[in-house]
Amino acid sequence: MKLHEHQAKGVFADTGIPTPSSQLASSVEEAVDAADAIGYPVAIKAQVHVGGRGKAGGIKLAENEDEARSAASDILGMDLKGLHVEDVLVEEAVDFTDEIYVGVTMDRGAGKPVVMVSARGGVDIEEVAAEDPDAIVREHVDPAFGLHPYQARRVAFEAGLGAVATDVARVLSTLYELWEDNDATEVEINPLMVTADEDVVAADAVMNVDDDALFRHPEIAEMESEAADDDLEQKANEYDFDYVRLDGNVGIIGNGAGLVMTTLDIVDYYGGAPANFLDIGGGAKAERVTNALDMVFSDENVESVVFNIFGGITRGDEVAAGINEALEQLDEIPKPVTVRLAGTNAEEGQEILNTDLVSVEETLEAAVQHAVENAQEADR
Amino acid sequence: MSVLVDDDTRVVVQGITGGEGKFHTDQMIEYGTNIVAGAVPGRGGEHVSGVPVYDTLESAVTKHDATAVVVFVPPAFAADAMFEALDTSVDLVVTITEGVPQQDMSRVYRRLQETDTRLIGPNCPGIITPGQSKLGILPGNIFTEGNVGLVSRSGTLTYQVVDNLTQRDIGQSTAIGIGGDPIIGTDFIDALELFDADPDTDAIVMCGEIGGEDEEEAAAYIDNNVTTPVVGFIAGRTAPPGKRMGHAGAIVSGSGTGTAASKIEALESADVPVGDTPATVADYVESRL
Amino acid sequence: MKLHEHQAKGVFADTGIPTPSSQLASSVEEAVDAADAIGYPVAIKAQVHVGGRGKAGGIKLAENEDEARSAASDILGMDLKGLHVEDVLVEEAVDFTDEIYVGVTMDRGAGKPVVMVSARGGVDIEEVAAEDPDAIVREHVDPAFGLHPYQARRVAFEAGLGAVATDVARVLSTLYELWEDNDATEVEINPLMVTADEDVVAADAVMNVDDDALFRHPEIAEMESEAADDDLEQKANEYDFDYVRLDGNVGIIGNGAGLVMTTLDIVDYYGGAPANFLDIGGGAKAERVTNALDMVFSDENVESVVFNIFGGITRGDEVAAGINEALEQLDEIPKPVTVRLAGTNAEEGQEILNTDLVSVEETLEAAVQHAVENAQEADR
Amino acid sequence: MSVLVDDDTRVVVQGITGGEGKFHTDQMIEYGTNIVAGAVPGRGGEHVSGVPVYDTLESAVTKHDATAVVVFVPPAFAADAMFEALDTSVDLVVTITEGVPQQDMSRVYRRLQETDTRLIGPNCPGIITPGQSKLGILPGNIFTEGNVGLVSRSGTLTYQVVDNLTQRDIGQSTAIGIGGDPIIGTDFIDALELFDADPDTDAIVMCGEIGGEDEEEAAAYIDNNVTTPVVGFIAGRTAPPGKRMGHAGAIVSGSGTGTAASKIEALESADVPVGDTPATVADYVESRL
């Protein structure tokens, strides 16, 4: 789960990491009031989860009230890489001499956390990594002991930070604790600004929390609905589905992450465009099937649906019954549905399926091809 | 004839009294797995599916000379269960549980390195040696005895590929679901090494997916070490960056590492053919046997 | 640093370990009021650091107000193994069916913590350890990972606790966290009572905190003066001396723990009785010497003082100057002082020493013998 | 002619800019110790006592091929300093710092077991090979070259015993102060093993004290393994139970373990004579050379 900048900054500030004064605003007037209260100059920043907000026009500086009003008007309601901006963060603009990058993430290959510092902050760190990998100093953390202070200092000194190295090391240590205490998968400050007085200030804040650990962080889980970028993703959270929205028109429902991904790939392989990833998981019964159909039918882009189930624990007859039940409740089937059942009780399922409501195919390939054809027909 | 599990594997089920634990214990016993005991705190002295239950895993393992543990406990307690299993020094631990917090797993992995135990999973369907033993939730009926080793990050995708193989009358030596999490006990290289050393495995299917660099590393390993023919498959060619595709580990990073394209390229440059569909994978396997 | 029972119970209760209702009282009236408020029966317990308080008459049960008054009168002001009782803890008396022992300590040989559980609580656990070692189940904790829940369960089940094992395991896990969070060297609940309803309640609480870690536990350090049993030990805390009071009459001052212990031993070897252990530490200058003399002269049992310094970092001439300075301030030397200086600048020191005020000896043995003779003379 | 340190030992001082660090660096250099660098965060580039200071210990050790580190940092930061030292993989770390919290030390000790580094201390005076090198705060002038190995939990007691030996013209091969804390890196057995293997050590003096069971274990070790004559001394015969006698480790438990009597008995039953006074120790040594 990705926190918004303002949420992450709240968490960071609570641990004592210096952050600029800021206020969240969801209307132009609120933004102007916030800017007046904070004092000019301010930065007005769109609160959506996209990289490169600045370049895309999602961050503007304002020297006075007029500029604040105009910046807030521009940003609020704008479409930023497909996401609607509903809130802006109005923030004290910090005068800085240097911009540093600090971050903590999990090195999955090594199975342990890694902390990173670079003197080249303020720009996309992935670009720095690509151009000049040595500009990012990394250090693995032993998860049994946590980040030792000497390690934090070592990366800071090796990154060539000089006089501010020990301060940056302290921020990094705090950031690591925060990463650990909140079950984060990634935390990042970019830029960590260095002021003329050699103070450090977190001018941005990124924090992603492990979805699987939200159960022990109710205060963060509560932020979740607020953080969802999309109504359908929000709905998927409620239904407890693994769901990812894409921009195609073939709705896809399946069981098991790998099989669903494969179904998406095969839709693409046969010239179609997947509208979503939706995994109903193992052992799904009627209600989950109904919910899954609700999800894909709620996506206005969807023109055709393919259901691909390979039963292990999941039983084909139960899925078939669920599909029948869900569709029989509807006055009209909104979009054509193609079903492929294999594995446990697949034959029983195929017998049950109401072929007035769905098309049935034997193989993955045939089912996908049929669903793609349906979508293409609708497009014509 | 197989790797890691066979008729001699003696299994304790951790969490045997839970819904999933009990259901799959029955399934495993029916398949022929030698389940010797279960362990659930506070349930010592009971019997489930005909096997005795102990309060502590240590008692269960010690009293029944168990060699393997299958973990079916809920995610919040799974790390503790794995630490407990590692503490018994059994040869093999298979963790089915999905949703183990990443940092918990990082600590388990750290401990794992200090032991001689092999861990499969978490978030995996388990391991099966057709006709002998299965540890996990794999549907036994779709597998047949044979000479193809299968290793996969995904459960249902494995079933799909096995189905395609079966349609061509190709059986499996052992199939290992290594799990879809970012941090797992056994990776592709471990499995490839085992299969390559197994005289009864004549071809290997390796089903990868987006996220991480395991497949790239496996490709390099194959290039340098593996003599058994390997056929690949990579799920997630159409996955957008930054989104978790079901599995906690199936995520293409913002910087573009972990993509299907990178993995396919790595495998192909190690002379591993990569199928566009599961059916193509089966074709490639058939042609290599 | 040893916390009093009531202090330790406060810490335990804050972590959610169930403790009986209780109130501290320092007068009979306060004790009776507390008992009335809590409700009878109550236990009235002396708050001093001695083992076996119960057997020694420091714990009494009271069924009603009269009994409470009489128990409090008996205990308050009593002398318990040499310690004056200034406070009592008035506590709800718990009805129990079983008494369990749980504890955490450092196994110094193994360099790691060890947790312990026994079904034979409620008696001196050291006696249980001596009689029936198997009745105490122990488990080492890996300090890199802390106590795993399965380990807590394992000791509880192996101790044969049956139905309450999982509850006891939870208490033990909490106790371990508390041990770790507070830098304790030892925590113990004996007895952990099991009620008829199979609830568990901590009827006693022991907690010793690492003196060397008090700097990071200011809230516990604050309890320190309250917890000191003895005015002289309190004074030693203020002067920052390693000091232990004994019951002999030869006051001992030296530098370095091993050398001071050896000086005590040699006092005993020559038939004397050491009054104290006092280590002035390395590199001591005049002020510490003055303070050290103040300590031993403040002990009314002291009849003779021996100063034994082997200079490494500590310089003999500086110690000698300090001794002169301290004694010259006094109108009268309260007790005879014998000084032995060796090591760095010992000769210079011996030359400086004012032999009108102190006797000087060359060797450890001679200095101790002389001090013992002085004490024996005073005794006659 | 010595154990652990000699003319070739190349030393970095951690905390070289502090009062104690600087003072003893000068003393060590004066004694002839090969101090090659210092390390203090934020002080990189300076020089102290003629040696360069680095921001990180790793730079100091790497750039000067150091083989040993002496730790002089305050107790609150000592554990971190030791972790840092262990991370550089030097052969020897000597921690002088007194007052390291016990739980910090327990974690350092856990890490130490995973390394090939030897740690001496904490809360120790250090180690000296007379005429060659001293690492720590031992007063060099009282030691003389010779053939007696000395190992002790106490600093000033060591000086006292050395003084008694010197009065009899008996010199030392190496003297090791292992420290007075409950958890220490090098214990009696480690030191005995080193001295017993050293051809130039002809007798060993072992000064123990109350608390713990190191002396008892050492006695058993001597009985079974050590051929060099050993003479013992135990401080704290008059210590009451439950009181910390200066050293964090010098405490007789309430149950009566860790007493001087138990240690003396153990040593004597391993045929190790135990002196009543330091002078008697010197007598015993003299008679055994």
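A few points about this structure:
Per-chain numbering from 1; labels A, B, C and D assigned in written order.
Here is the rule we use: a contact is a pair of C-beta atoms (placed from the backbone, for glycine too) under 8 Å apart; a residue touches a chain by one contact, two chains touch by 3 or more.
Molecules present, by chain and UniProt name: A, C = Succinate--CoA ligase [ADP-forming] subunit beta; B, D = Succinate--CoA ligase [ADP-forming] subunit alpha.
On a predicted model such as this, the values are computed, not experimentally measured, just so you know.
Shared contact partners of subunit A and subunit B, listed by label, are C. For the pairs C-D and A-D, the larger set of C-beta contacts lies at C-D. Separation between the centroids of subunit C and subunit D, computed from CA atoms only, is 28 Å. Per-chain CA centroids place subunit B at a distance of 55 Å from subunit C. Annotation: 51 Å between the Cα-based centres of subunit B and subunit D. In subunit A, the positions touching at least two other chains are 144-145.
For subunit D, residues that reach two or more other chains under the stated contact definition are 107, 111. Taken as a graph of touching chains, this assembly has some other topology, since it is neither a line, a ring, a star nor fully connected.
Listed by label, the pairs of touching chains are A-B, A-C, A-D, B-C, C-D.
On subunit B, the positions that touch subunit C within their shared complex are 41-42, 44, 55-58, 77, 80-81, 83-84, 87, 107, 111.
Residues 145, 148-150, 153-154, 157-158, 165-166, 169 of subunit A are the ones touching subunit D in the complex. Within the complex formed with subunit C, the subunit D residues making contact are 75-76, 99-107, 109-111, 125, 137-139, 141-142, 152-160, 163, 180, 182-183, 207, 209-214, 217, 233, 235-240, 243-250, 254-256, 260, 276-279.
Note for the complex: subunit C touches subunit A at residues 144-145. Residues 51, 106, 108-109, 111-113, 126, 129-130, 142-144, 180, 183, 185, 210-213, 215-216, 242, 244, 246, 254-262, 264-269, 274, 277, 279, 282, 310-313, 342-344, 363-365 of subunit A are the ones touching subunit B in the complex.
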